[in-house]
Amino acid sequence: MALPTRTTPRAPAGRPTSRRPAARHFRLGGIDPATLGVVVLWVSVLVALPIAALLALSLSGGPQGFLAAVTRPSALTTLGLTVALAAAVSLVNAVMGTVIAWVLVRDDFRGKQVLDALIDIPFALPTIVASIVLLSLYGPDSPIGVHLAGLRAGVMLALAFVTLPFVVRAVQPVLRELDTEAEQAAASLGAHGWTIFRRIVWPVLMPAVASGTGLSFARAIGEFGSVVLIGGNLPGRTQVASQYIQQLIEAGDQAGAAAVSVVLLAISFLVLTTLRVTSSRMQQREEAA
Amino acid sequence: MRTPMHRRQHPGRAPARAGRRPLVGVLVALVLLLSACAGGPSDVPGAAATPVSGPVLNLYAYSVAKPAYDALTQAYAATPEGSQVTLLTSYGASADQSRKVAAGAPADIVSFSLTPDVTRLVDAGLVAKDWNAGPTAGTPLTSVVVLVVRPGNPKGIHDWSDLLRPGIDVVTPNPLSSGSAQWNLLAPYAAMSHGGKDPRAGLDYLHTLVHDHVSTRPSSASEATETFRQGHGDVLLSYENEAIVAQRRGDAFEHVVPSETIRIENPVAAVQAGPHRTEAQRFVDWLNTAPAQETLASAGFRPVDPAVAAEHAADFPAPTRLWTVADLGGWPTVTHDLFAKDTGAITTIYSEATR
Amino acid sequence: MRQSRTLRLSLRALATVYLGLLVAVPVTMILVRALAPGLRTWWQWVTTPAAISALNLTLLIIAIVVPLNVVFGVITALALARGRFPGRAVLQTLVDLPFAVSPVVVGVAMIALWGTNGWFGWLPQHGIRVVYALPAMVLATSFVTMPFVVREVEPVLRELGTDQEQAAATLGASRFQVFSRITLPAIRWGLTYGVVLTISRALGEYGAVLLVSSNLPGVSQTLTLLVHGRFVDDHNVYGAYAASTVLMGLALVTLLVTTLLDHWKKQR
């Protein structure tokens, strides 16, 4: 790519430049109404209207209809199962993601870069391909004799695959910036390895681990493509909420599908909002300190 | 919200080797090379790429009919009238396909599992009221419901009563979305109720079957077969043609024709609203001819044409008693009594079990 | 922190085995299975007319979605970074919303808005088909990829501030000149990143597209739908593997491009 050699304007590092003095504000703070109109129209047609129509459709049978659709035993079972599976997978991610990030930052061995590159594959790979990839090793014609298709373990495997990067990529940079001096000082004072980890390393890592875990939960709860082929779609056993919604659509129950969709959307939205609020609070606390 | 979800952080990553740049180039070139080839509807290696000039007919079919239509479209293209048109086929669960067409999907021909799925389109004004006036009453594709079992029939499944033995797991698709599931449940219902004379006995059987022996809810017959193929269940309720195709494909299945079963009649109709209704009707009429029936027979369907049927008698063992929907009172009665949403007897059994 | 040798080695082994079983072995496995019958067979199955049409449709959707997301994404990022207007928080939330939505829910929302019984259900009567046609597939893909460009560009714009743009404006530069000479060069990395992420996600979109496509091979089947169709409807497992490798190849390209971008960015 031929890029112009002229120096690109850059904000001086470390100096916040976004807060302009109020006197410099013009129009709606740098944005003219026409531009704003375009933005609002774009976001409305693309996101706001479909979501509003979804809400309206879910309420087409009145609040009772909505309640009836989401409190149907089959809906409750599926939602419960989805939350439980997503929580279990997020827990696995919290532990394994931290371990992997630790190994990638603190350890050094041949092939480490390969491991590092593997982490990005799940984000790059289409979910339906992820499903086929896992099925080729753990499906009915498994060359190693491990059959997970149609089992909860299979669904968890698929969810673990697609959510792998979240914790690793959240923890890695924090760990890399973590100063080892404090750890060395503690060690020289005779502190035990586990104590050092618990007292010095963990408090620093915790927010990153929590945020990565939260993100993987939000992703796992709505996952569809990767579960489709390996999950088996067994109600009450392996059918996740997205599959249940698709089943309702195919059975012609659009209002029911919309109602369950709204619940699913609310759960992941809640998780992501909580994450954002806590992380901005923490940032403020840091800035204040 | 500030999410690192899409932020790739690679600080400290080894510098990208210069060798990666050519690799990207090669891959992009390969993709462009691929996309430069001519596309088309056929998913067979080496098939003719560009469709023939002339009208393109969109056929919305239920998924089980795919092998039959693969053969039929080829056979039709060899006929004088067929060489003038190109058939594109979309597959899915019967009721879902029907709802899509009613909702505006651009269909010229519909081929469903169940007559009520066509009736929906008649009500919507998309299909002519006299669509079933032809020689095969609008149902040129017929088969029977059979029991598919594991190789060697290890559980000794021979008839409907065997399905209720303790521990037998039966795979059959969800009747709320799949037409095939309705046939699958109608077969034992007809057998147990002696053609609808004793509805109680039929429903009691289904109640036990669905509550105690059906643990999966695949949305279509194809998905049900896939579920069974992946090792779930002891018995798969299936169309005979699907069982035959699965065995030909090399799946280690066997199938048993129960002593009493139901005749599956799959309707085909031309959509009147489409721009190519004449061509569409011509294809539908062609399905009743001997060459088309011959093709259907080789795809595992029981021929309707008497001469073709006689020729293939050996391939299709006759059950002791073959019931039809007419024996049960016809589709309006069957739909109203058994499959009506919320109130049908079989729907109720199924939604109770799904709860 | 000093780790004992045993601990270090066991953590290393644990991470390697986990990543191996979860990612490396399955991905290798599918490559082996796709290429086992020989390159010729593989090539035949990725060049069937339906497969080529699916690839072309996927590329077409990307070709429509990327410019849309670039133009509107940059404008939205500008509004979010520079604007102080009532409802800014709402806009911010809406932009982030697609991250929280399951693909299947996107499909249901599209049907709720554009379907026959939806708010815009009167459109088909005027000859504009959205659901079960290309527009819905494009809209669904745009929905799920919308945040990428905005989220990559917005922080850069924030950091950039408006000093230089105002200086240039004072010196008589037109709005277009200001944008093309100052703003665009500043955001080019973020923008490129956003585009790559958009392409990567658009390539693999499945759940949302599944619900709104008429799924006609050769016409409205994307690569992901082809993989699903071959696997489920055709029971053509090999064909599904072969088509998957094409998607994997495209995913690999996007991965390599992001790595290269990181590299270039650091050099500059």
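Every chain is named by a letter (A, B and C) in the order it is written, and numbering of its residues begins at 1.
Please note the rule applied: a contact is a pair of C-beta atoms (placed from the backbone, for glycine too) under 8 Å apart; a residue touches a chain by one contact, two chains touch by 3 or more.
On a predicted model such as this, the values are computed, not experimentally measured, just so you know.
A.B. asks: Select, from B-C and A-B, the pair of chains that is joined by more C-beta pairs in contact.
C.D. replies: Between A-B and B-C, contacts are more numerous in B-C.
A.B. asks: As a test of understanding: of all chains, whose mean C-alpha position lies farthest from that of chain C?
C.D. replies: Of all chains, B has its centre farthest from that of chain C.
A.B. asks: Starting from the mean Cα coordinates of chain A and chain C, work out the distance between those two points in Å.
C.D. replies: Chain centres of chain A and chain C, defined by C-alpha means, are spaced 16 Å apart.
A.B. asks: Between chain B and chain C, what is the gap in Å from one C-alpha centre to the other?
C.D. replies: Centres of chain B and chain C (C-alpha means) sit 33 Å apart.
A.B. asks: Where the centres are mean C-alpha positions, what is the separation of chain A from chain B, in Å?
C.D. replies: 37
A.B. asks: Counting only residues that touch at least two other chains, what does the list for chain B look like?
C.D. replies: Answer for chain B, listing residues that touch two or more other chains: 1, 3, 5, 8, 13, 223, 229.
A.B. asks: Check each residue of chain C and list the ones that touch at least two other chains.
C.D. replies: Each of 96, 99, 115, 117, 231-232, 252, 258 in chain C touches at least two other chains.
A.B. asks: If I count partner chains per residue in chain A, which residues reach a count of at least 2?
C.D. replies: Where chain A meets two or more other chains at a single residue, that happens at 120, 123, 246, 249, 272.
A.B. asks: Contact residues on chain C for chain A in the complex?
C.D. replies: 1-4, 7-8, 11-12, 14-16, 18-19, 22-27, 29-30, 33, 72, 75-76, 78-79, 81-85, 91, 94-113, 115, 117-119, 139, 142-143, 146, 158-164, 166, 182, 185-186, 188, 200, 203-207, 210-211, 223-224, 227-228, 231-232, 240-241, 244, 247-248, 251-252, 254-255, 258
A.B. asks: Touching residues of chain C toward chain B in the complex: what are they?
C.D. replies: That would be residues 41, 44-56, 59, 96, 99, 115-117, 124, 129, 131-133, 147-148, 151-152, 193, 197, 214-220, 226, 229-236, 239, 246, 249-250, 252-253, 256-260, 262-263, 266 of chain C.
A.B. asks: Per the contact definition, I'd like the list of chain A residues that touch chain B in the complex.
C.D. replies: 72-74, 113, 116, 120, 123, 139-140, 147, 149-150, 166, 169-170, 172-173, 176, 211-212, 215, 219, 232-235, 237, 239, 246-247, 249-252, 272-273, 275-276, 279-280
A.B. asks: Which positions of chain B touch chain A when the two form their complex?
C.D. replies: 1-5, 7-9, 11-14, 93, 95-96, 99, 174, 176-177, 215-219, 223, 227, 229-232, 354-355
A.B. asks: Considering only the defined contacts, which chain B positions touch chain C in the complex?
C.D. replies: 1, 3, 5-6, 8, 10, 13, 15-16, 20-21, 23-24, 27-28, 30-31, 34-35, 37-51, 58, 63, 66, 88-92, 100, 102-106, 222-223, 225-226, 229, 246, 249, 251
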